[in-house]
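In what follows, a structure is listed as structure tokens, so that the remarks can point back to it.
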Amino acid sequence: MLFFENDYSEGAHPRVLQSLLETNLTPQPGYGEDGFTAAAREKIRAACQCPQADVYFIAGGTQANMTVIRAYLHPTEGVVAADTGHIACHEAGAVESTGHKVLTVPGHEGKMDAGDLENLLKAFYADPNHAHMVWPGMAYISHPTEYGTLYTAEELTGLSQVCAAYKIPLYVDGARLGYGLMSRGTDVTLPVLSAVCDCFTVGGTKVGALCGEALVFPKGAPRRFFTQVKQGGALLAKGRLLGAQFDALFTEDLYFEISRHADAMAEKMKRGIAALGYPLYLDSPTNQQFLVLTEGQLQRIGRRVRFSYWERLNETSSVVRFAVSWATTEEQVDALLQVLKEEKEAE
Amino acid sequence: MLFFENDYSEGAHPRVLQSLLETNLTPQPGYGEDGFTAAAREKIRAACQCPQADVYFIAGGTQANMTVIRAYLHPTEGVVAADTGHIACHEAGAVESTGHKVLTVPGHEGKMDAGDLENLLKAFYADPNHAHMVWPGMAYISHPTEYGTLYTAEELTGLSQVCAAYKIPLYVDGARLGYGLMSRGTDVTLPVLSAVCDCFTVGGTKVGALCGEALVFPKGAPRRFFTQVKQGGALLAKGRLLGAQFDALFTEDLYFEISRHADAMAEKMKRGIAALGYPLYLDSPTNQQFLVLTEGQLQRIGRRVRFSYWERLNETSSVVRFAVSWATTEEQVDALLQVLKEEKEAE
Amino acid sequence: MLFFENDYSEGAHPRVLQSLLETNLTPQPGYGEDGFTAAAREKIRAACQCPQADVYFIAGGTQANMTVIRAYLHPTEGVVAADTGHIACHEAGAVESTGHKVLTVPGHEGKMDAGDLENLLKAFYADPNHAHMVWPGMAYISHPTEYGTLYTAEELTGLSQVCAAYKIPLYVDGARLGYGLMSRGTDVTLPVLSAVCDCFTVGGTKVGALCGEALVFPKGAPRRFFTQVKQGGALLAKGRLLGAQFDALFTEDLYFEISRHADAMAEKMKRGIAALGYPLYLDSPTNQQFLVLTEGQLQRIGRRVRFSYWERLNETSSVVRFAVSWATTEEQVDALLQVLKEEKEAE
Amino acid sequence: MLFFENDYSEGAHPRVLQSLLETNLTPQPGYGEDGFTAAAREKIRAACQCPQADVYFIAGGTQANMTVIRAYLHPTEGVVAADTGHIACHEAGAVESTGHKVLTVPGHEGKMDAGDLENLLKAFYADPNHAHMVWPGMAYISHPTEYGTLYTAEELTGLSQVCAAYKIPLYVDGARLGYGLMSRGTDVTLPVLSAVCDCFTVGGTKVGALCGEALVFPKGAPRRFFTQVKQGGALLAKGRLLGAQFDALFTEDLYFEISRHADAMAEKMKRGIAALGYPLYLDSPTNQQFLVLTEGQLQRIGRRVRFSYWERLNETSSVVRFAVSWATTEEQVDALLQVLKEEKEAE
């Protein structure tokens, strides 16, 4: 069985594991006050060219999202997201469980349009009844999006300007950030992100770590963020587990290297799929590829490859996702394309 | 500098790390549906002699507590704890952040007395205004307690009977459970815990793992517990991280072996401390030892040993905690006792 | 200045005030255990032909909605509403503040379609990832809707059957229920509502009372509802205030009489408006009428009549609402129509 | 049967009802933007000698408490109260339901000691682990307390200074404020309260109104307080109901007059009770009197008088409360004393 189900099927990159091994018996203070966390923080600040950034580490993505969002919002406020945003769909109401509404604008292949955001804000303040409504208090986007698509630096700047005009923070969920940063043709870099948003995450779980997201606050973290992390159950006693991993990921550009590899594998896979005549659902420049399969294809290919079912497209076809990661080898991609080719030949 | 500050200063036991290494590149489904988690679950069920138990794994202790407590309580209910209980003091209001009050009874060296619990419940139902009050909806105890003390099986049974009489669940926070189970003279075992309570945790973070608590529900987990874990941000994409670690801890009795070692180190340390004439604050049979130091001792010893300040006892003295763990060596204990001896000789 | 701004511009119907005056100095227990509340409860049960119904009284509509919804939902669940539903728009995130998401389906002139609800439920359970999502845990509709429209008994039965099939409660927000029940041509009665839903409110604030909504639970109220009301701050010490008012409203059919009067005024107003050639935005059979005005009309009429701005329709026109109530007199409607006529003549 | 059970057994003072009658058919905007509310606000500002104060009106006391407390607290914070404080005991966990812990200090006949508050704050900041704990974010006291006792202006100033030193707001729950202000010997006035605290309530429900508490914020209300009131379900559509009542209460000193009467009745009752030899539980200078009855007295008197059971004192005796209000007549007090006298004679 081939695994293209997701980008968290394996453990950690060997150099990340090595870091855990080497640091294992060095005693350190708990709760993120260890030396490995301090080192990782400095390396991330350097990579962002943002020496004054606050950097925190949290084990999981939903946890990172709900902690950051709750920390920014006033009780009267909600967070604006694309209707396909992870927080709006697949986090089991985590944001709402902290008392805040997720306000939505239509997603465009997963992306939020700055004009849509501005219209929502403008309409809110123009509504004479707005004091009876949830105040839009921050904007949430993901980069890459849930559909693998990417914002341009200009689009991010556009969103950032709308947020600035309405004095609300912009938060970028970078659960798969590496795959976005290393995508061919993107002009979004860590310094760009540091310039345009109030907080972004650098996802580790899907990019080489066992677990962990780095939270970067270029202008400083919200008030008493440490206690908020603790209160949300998101503070690991052994913060070193996250620190040592991110220390490795940001040593000798490991994070970028493995992301570039995954993007190359994705591109090879995409080209191969297209060449075989399978229709792509959309044009993703990152590690997730969405294609359209008929019911029969879905069944037969499913016997040899694990992939993710995404959604029904119409009576006869569905959208599925094939994901690669830092761990995917060229051989695995070749094997997948061979399966897809045999399916085509058999039809 | 010697480290006796806590029991989470090092990484993981080598065999736990080994398990992560060996399983690292085997692809597995996410969210706890991997084979390592399944294996760990089975081993824990076997160790508990409770084949029907539901077993979940969660990264941290506060997270485990707040998730379990929220899952059991009705909106009108609170959780009863000793006033020294971790949830009542040192979890930054995590339980309250989910909407529930922590109701307290006086702790007795960290322990809850079954009579106190019964009186609280009896008084609640006898109060004609109780429908205007928070309903006591479950009982929370820690074993070992925050003071290192232990319940006897009889005491646990007493608490269990009170809970059963009032139809509320009993939850045991076992963040340091191994050190309790392997303490000389205890009659509390995993099967005993499985018999007396509705949920208990088997702490990994402080007993050989990088992170992770196993949640054991002998009679089954609360409704839709999986979604509740997800909603609380407590669901790791790579559940394998927890599964592989607990699989190692429950293979060839590793969890018990390393706990027994720590308890032996604690006993050696305790005997040595007492022999040197330092007063013990209370008689702890587990890996945390509390002693009384004068201000001068505190300052001088503090230059050579890291330990935890607990609380001021009176004008001239304070309570401090020296903790050992699975990672503490006999040499380290000897070195500590040497420091304490030199302090005594210099006085 | 004429007032057609809303249906809560005046105080209470004189017979409601009279009830407060007559009962004023009779001492009674607090918190809804008074005799007037008991009498009102019985009269409502009788009007519903549902002698076993639980009936509670709550001061306001948002409060009623949030208390009922929170009481029915499990922490993993959200409430399904039309996207124009009051809880989805104009209650400032009250439902989310209790930790629950409002899931939406498209409104059809304010109404929820049973097919839409069924599709949402079907799609949820068909989604292999649904355990990572908010569970649809109840359905909320308003009757009359926010657009004054009404369900037929058949439509309500359809929604009820979908809810029953998925074992979720159906809740009807009847803030303006009287105006719905007395509308010409409706086949929805209190007994019909009692048969099809798990809870409905009988709005008093907009139908003759100073404040107050009656909550009717034909099959019994959710667990410990009294404490939930108290916890939400919704329990009045002088429950008699609500009891005495509803006692009056349900004596000699006052609630129905005054609602019928308002509906007659609305119909007269609607016919007059249409005759004058103002376009109606939709065909409302109850006390709220929505029409389309040009910018100029809006300005000029607005100098002589208070009405509610609803929303911009297009470049040149907007939707506005003219509302009548139990307190509106025929003279006032005539005066309004005269203003509208003069406007037309001046154009 | 005589009623001394509480101070909310009757409806409203006749002049309050008269105000509702007179204003009944004057159309007004909703949600507290009516003219009666504006007038009441001005009169309260004048009575407080605090023209810049923000004044809001809310239907009930628990609602007022939870809304104000939530509005002041950061997510990391809790509210400090005496352990006998209403929010700590008898509001069904309303504060916790908004996510915040109630931190307690020992009550002294219901009162919080400034030294106790200071010690709690000092200890919190001195604790090296305080970032892992709930931050004390405001102080709550009641005046009169739940035991009818009163602070002196000096005591309030002491609490105020501690709060100022730690930059936390001081909130005074004045559910029975009138009875405190008119008590003989008190030096606490509305201007004193305006000077020492950040918010206090002027209770209407127990002092002549059908419902309603005025919330006075001498230095201005917390951010977007209107939306917070709405979100909590505490915004009445007919805000006029509260406005018209408080307008009457603050016209020609009605609030003070009726409070003075109640205090005189309480004093007569207290003197009579003491003269008959019934032991007082404590010395209350306001409308609630606490005495000690034997089991037999409790049963026999209970057949002729409704009073409140407070708590068991010892094996043979209990504490009970007799409350008077603005509505209590001299004849009723005489009748009560006669019952108590006959009981004594029969013993």
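Here the chain labels run A, B, C and D in written order, and each chain numbers its own residues starting at 1.
The working rule: a residue touches a chain if its C-beta (ideal position, glycine included) is under 8 Å from a C-beta of that chain, and two chains touch if they have at least 3 such contacts.
Everything numeric here is computed off the predicted structure, so don't read it as measured data.
S.K.: Using only Cα atoms to place each chain's centre, name the chain farthest from chain A.
M.R.: D
S.K.: A-D or C-D: which has the larger count of contacting C-beta pairs?
M.R.: Pair with more contacting C-beta pairs, A-D versus C-D: C-D.
S.K.: Express in whole angstrom the distance between the two chain centres, defined as the mean CA positions of chain C and chain D.
M.R.: 34
S.K.: At what distance in angstrom does the C-alpha mean of chain D lie from that of chain A?
M.R.: Computed value for the inter-centroid distance: 51 Å.
S.K.: Enumerate the residues of chain A that touch no fewer than two other chains.
M.R.: 75-76, 91-93, 97-99, 131-133, 227, 230-231
S.K.: Of all residues in chain D, which touch chain B in the complex?
M.R.: 75-76, 78, 89-93, 96-102, 128-129, 131-134, 309
S.K.: Over in the complex, which chain A residues touch chain D? Could you list them?
M.R.: 31, 70-71, 74-76, 99, 131-133, 135, 223-224, 226-228, 230-231
S.K.: Would you tell me which residues of chain B are touching chain A in their complex?
M.R.: 3, 5-6, 8-12, 14, 17, 20-21, 23-30, 59-67, 91-94, 97-98, 205-206, 210-211, 227, 230-238, 240-241, 244, 327
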